[in-house]
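Got a structure for you, questions after.
Think of it as A, B, C and D in the order they're written, each chain with its own count starting at 1.
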């Protein structure tokens, strides 16, 4: 069978998301009011006609497991193929530890049997927390017509110094790969790769046999001499989120209509898990402007420059600005909030004041009562 | 496959009184209250009442309803051995007929009901907005050992002559039934929701079918006949919000009730959830210069202008400087920059172009007696600067103006 | 919602030639080959060919077919934006009619097809047993830029006059079409499987609908008209097993073909799987004194007697000392101890009581010209010791004997 | 909400099932031709009207995860409630090990949040490998009318000495609980318990607070003084399988029609995962008697006193007796097999002979080529 197979890496890693990942892996962090981060990559895959997706999990994956379910929400509940959850039990047992994979290649090596059984010709590899809406079929076309062995999606927008950066030649070939740089340089790697199934299996087997585990070092850097690795430059909206500040900024950007149109273009809808919420109610007594509002909210107070997830309640007299409130947050009367990220079911009592700063938004842990 | 109780939902015909809105769909598929469609109410009531087997009787363009209901998953009605089934008329070895009336529709599907061999059948209507626990009504039906239990509610005495009115004795038994009586003896109106002991109903349906003069209707034939025969008929008094949304005015009214805390219709209340099938959309966006008050907004909306006392369904757009008040905007409706929409219903994917004006407030009407809400049918486009007077109904052809 | 290709499956009418077996169901829901029903073949072919949107046109007792197909999950046709939809006739704003012919059935559902805005439409029949890759046929349709591609197969010359026969030029283009010609010019028979360029077909369907003299049939009207108009019509030659199972004899034949390695019908072959919806049952049990040969058995079966050259569907029971040969036993059929069943089809849940005898071998028939298979309809019970002669058809009333 | 909630324990434990659980937990061991062991308890629960079931998993649960999927096969795929998979990640992390739970109570203590959220009044606890078809609604009736605090299903059929045994008084009350006995005595506990949700939560909280982890010691034995624990005696078919010999014997028993009728009674069907197999073909050249045959088999040789799972092929001239062949086993021509349990996709080459003994059936590991 032709076409692509998707693999999403959803295991924990060192992270600056603090409170938000106390009970979650990256991919299941809520984003943009209606979604979890992993919804974006799943939707990208499904919109490109991908029917089989494997999600490699490890660590605190209960929230991910609950979120993905049978994959029905993304049309991935199928008798053959569809969504496969790949928890790394066997691996944890072999190493007699519940520790992390040392790298992507090690994670893949644990799933070699699964990789060998892939029935498509090409494989897309992605992290679970890449926020993007990219036509993967176009990437496949570019991959095939360029004759490259591997195509890596990258962007000219600079990121952190710990990211991976490529130098591309005129033909789009990756001629140098660097990371942990002094300053961002060249094209930043978005950790979204496309290659043939056969090559993937060969590379993983080869690395496993040499106890190599790092995708960027052992594959991107070392194999680029013998193989042709190309860059696919994507300069529209793409966010990889590693810190709270980053999470806050990339979220708030979505109040700009142009960016929102890029991320939520109707030709390639981002599919979220269904929910039962009614429409949101906006009372005449408050002022609700420049905000994204998911369903099921009850807004009686002032809401300005906010992202409200489902079922948020803002009572009369409360004043909430520049905040991100996760599902079920309750802000009682006359409370004041600025630059706060409130996790699920946070409860702010009447008259309380919580202030972060644009440069240092504060997060309130899930279920907290303030 | 034995079930205690099966629900049969009369999803009805073309909804001729709603016709501008139902050009492409059966009445129960008409959107309501932002996220819902009318049929979500009886279906969710069934699920919440523990009834997992529902037959939906329809013969009018079932495709839209069919694909909306699908496997029944949003209502938890995707059950093995049960679930929700659309029941259109069909040809059998002995012939083929369209449904002649509500009773005939059930008669033609006796085979479906018998398959589940239930003790009781609940008969529901597809165009009522209400939250009701049918299991309570069923409990009462069993306690009183009635042949038929009819749910009723008190209506104002001066409106009673518009309803089917029940006279009830002290024990709650129905002693008399009068369809739209000029001089009502009671103010208990039938809500069109019945629980029958199935074997009783089956016998009456079969007898009714033999009677060529019958209209094969529950209200006109079956109920009066049972009463005449002295069957035990019990009234079950319902308290709470209930509205028949079979007309454009009542559909608009019910939407406005959502915005009125005293109406009893609170859809944010999660103790008796109403389920719906909705598409994936990003959250609603309320713009920097938007002014939204006493309104509901739904995912996918983009509101840049003024919206007051209105219900916005998903994917609705209200442009800059536009003004929307006392209106119901169905999924995908677009009000372009500077347009004005007042006291109106905008059907799915209808579009009000820049500077156009739809409807108007009753207090400003030249002839208040001739005032009414303005309605655009699904897909109807009103062009730039055009004026659509109150009480006008426009459909996609933009010809059939009726005022 | 853009699809390259949509399939429309003519699930047809009552199946009058199969009537004893279809008392309760549409023809495509008739069981076949142990685990399957006839409709599993075209549906599975669609899935395996990458077609994920299928309309099933039926007007005869759709309930059984509806609940068999359900969400389409067994065939992987439970897709968001696509999947399988049952399309009964319906009332529209402009009126209501039953399907007048195969072409009219598609005509009435132009709205359904247009919703998916496909380039191509595959028209399938609901009573053929075959495995076919429609995507190959579609590829050829695109390559040749035909308006219509018709799949054909070679039949023996002496049988050609029973089929619709295509004359084809060197390029594979159809030059002539003759329905059951007395003197066939070719032995390429139409299999009743068409690929159309949708816009072309839509135009012809609309024109055909205007013609009051038309029978609104693909084979009789649409195809001849397109040929007459000089449209490019291409034959796609199919090689492999194909059988129309529209008669009791051919249904029995096709079941027997399963047991014959040379027939080309191998259902254990997994390269082109046929999917079905079946109940959960324990494995088949073959008893200590059973004697089973050249037969298929299915889960839930209990075989204590002798079974030769027969097809046993699920939940079939063959008692001790019973003898079954050259027969097809549909789901839940029971052959009690000591009963004999030869050259017969036993419908679902039929029962042959102790010592009864059904059918007989052709070589023992008194008048070989008048011999035929014996058939029991669904639920039919043959009482103890009763004899049912070859070629007898019995239904549940056990009255309507026809021989 | 009234009614029962189901909890199934599906984590590994010391086991005599050897080869059969190399890649599986107990509950996903194939049984009776069409089933996995866990299908029985799931079906029992569903047949009693249970809509919410939690499966506590640990260790090698990939096969279980794949098998259960969304729970659709058991009508447990629901928007609210339905099947919940409860992998013990958090637990493994806390203990910094991939080791086993020390006992059922410890497993439950890790899921306390889940337990507290149960929306039914009663909870049924069961192992995943109990083969039984019992009307759990009758057990609930008995539980309620007896006024007991906890009801334990038990049987008078003796088992291993390591099992738990009860002494019941005339009223059905458990007056003594023993295990690791010299010889079986009294009623054998089937590890199927019913109690109220509130009591369960209280017992688990109490045990967790005292670092107690054993259900049979810390609850059955120690709490039976203050609380009323009753036995519910079930003397129809019930199998708890711990050894290969046991597996073999309890499987072969099913060739008796009476036992099969008890286990597969049509009022309470055992639901298996759907499959796509065609009917099985039996060639005239072989002799196929006294056997259970799942779908998709192709039988050309002799098959006698066997249980054949789906898709088994027995070629001409092969002679297979008293064997249990799992899915996809191929027995080539003229091979001879006696008293063998062949795991999935075992391939026996032409003419090979494999002989176990009734008292010592041999197991062949998955995918072996002999």
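The rule we apply is simple: a contact is a pair of C-beta atoms (placed from the backbone, for glycine too) under 8 Å apart; a residue touches a chain by one contact, two chains touch by 3 or more.
It should be emphasised that the depicted structure is a prediction, and the values quoted were computed from it without experimental measurement.
Engineer: Count the touching C-beta pairs: is B-D or C-D ahead?
Structural biologist: When the contacts at B-D and C-D are counted, C-D has more.
Engineer: If you average the Cα atoms per chain, which one ends up farthest from chain D?
Structural biologist: The chain farthest from chain D, judged by C-alpha centres, is B.
Engineer: Find the geometric centre of each of chain B and chain D from their Cα atoms only, then give the gap between the two centres in Å, rounded to an integer.
Structural biologist: It comes to 48 Å between the two C-alpha centres.
Engineer: Where the CA atoms of chain A average out and where those of chain D average out, how many Å apart are those spots?
Structural biologist: 39
Engineer: Tell me, which residues of chain D touch at least two other chains?
Structural biologist: 72, 77, 79, 274, 276
Engineer: Mark out which residues of chain C touch at least two other chains, giving numbers and ranges.
Structural biologist: Counting only residues that touch two or more other chains, chain C contributes 73-74, 78, 275.
Engineer: Which of the residues in chain B come into contact with chain A in the complex?
Structural biologist: 33-36, 73-74, 259, 267-268, 273-290, 292-299, 302, 308, 311-313
Engineer: Considering only the defined contacts, which chain D positions touch chain A in the complex?
Structural biologist: 59-62, 65-66, 69-70, 72, 77, 79, 84-87, 89-90, 92-93, 96-98, 274, 276
Engineer: Which residues of chain D touch chain C in the complex?
Structural biologist: These residues of chain D touch chain C: 32-34, 72, 255, 257, 260, 263-264, 269-272, 274, 276-285, 288-296, 298, 307-309.
Engineer: Show which residues of chain B lie in contact with chain C when the two form their complex.
Structural biologist: Its residues touching chain C are 13-14, 19, 23, 59-63, 66-67, 70-71, 78, 85-93, 96, 98, 111-112.
Engineer: Which residues of chain B touch chain D once you look at their complex with the stated criterion?
Structural biologist: Contact set of chain B toward chain D: 73-74, 76, 78-81, 275.
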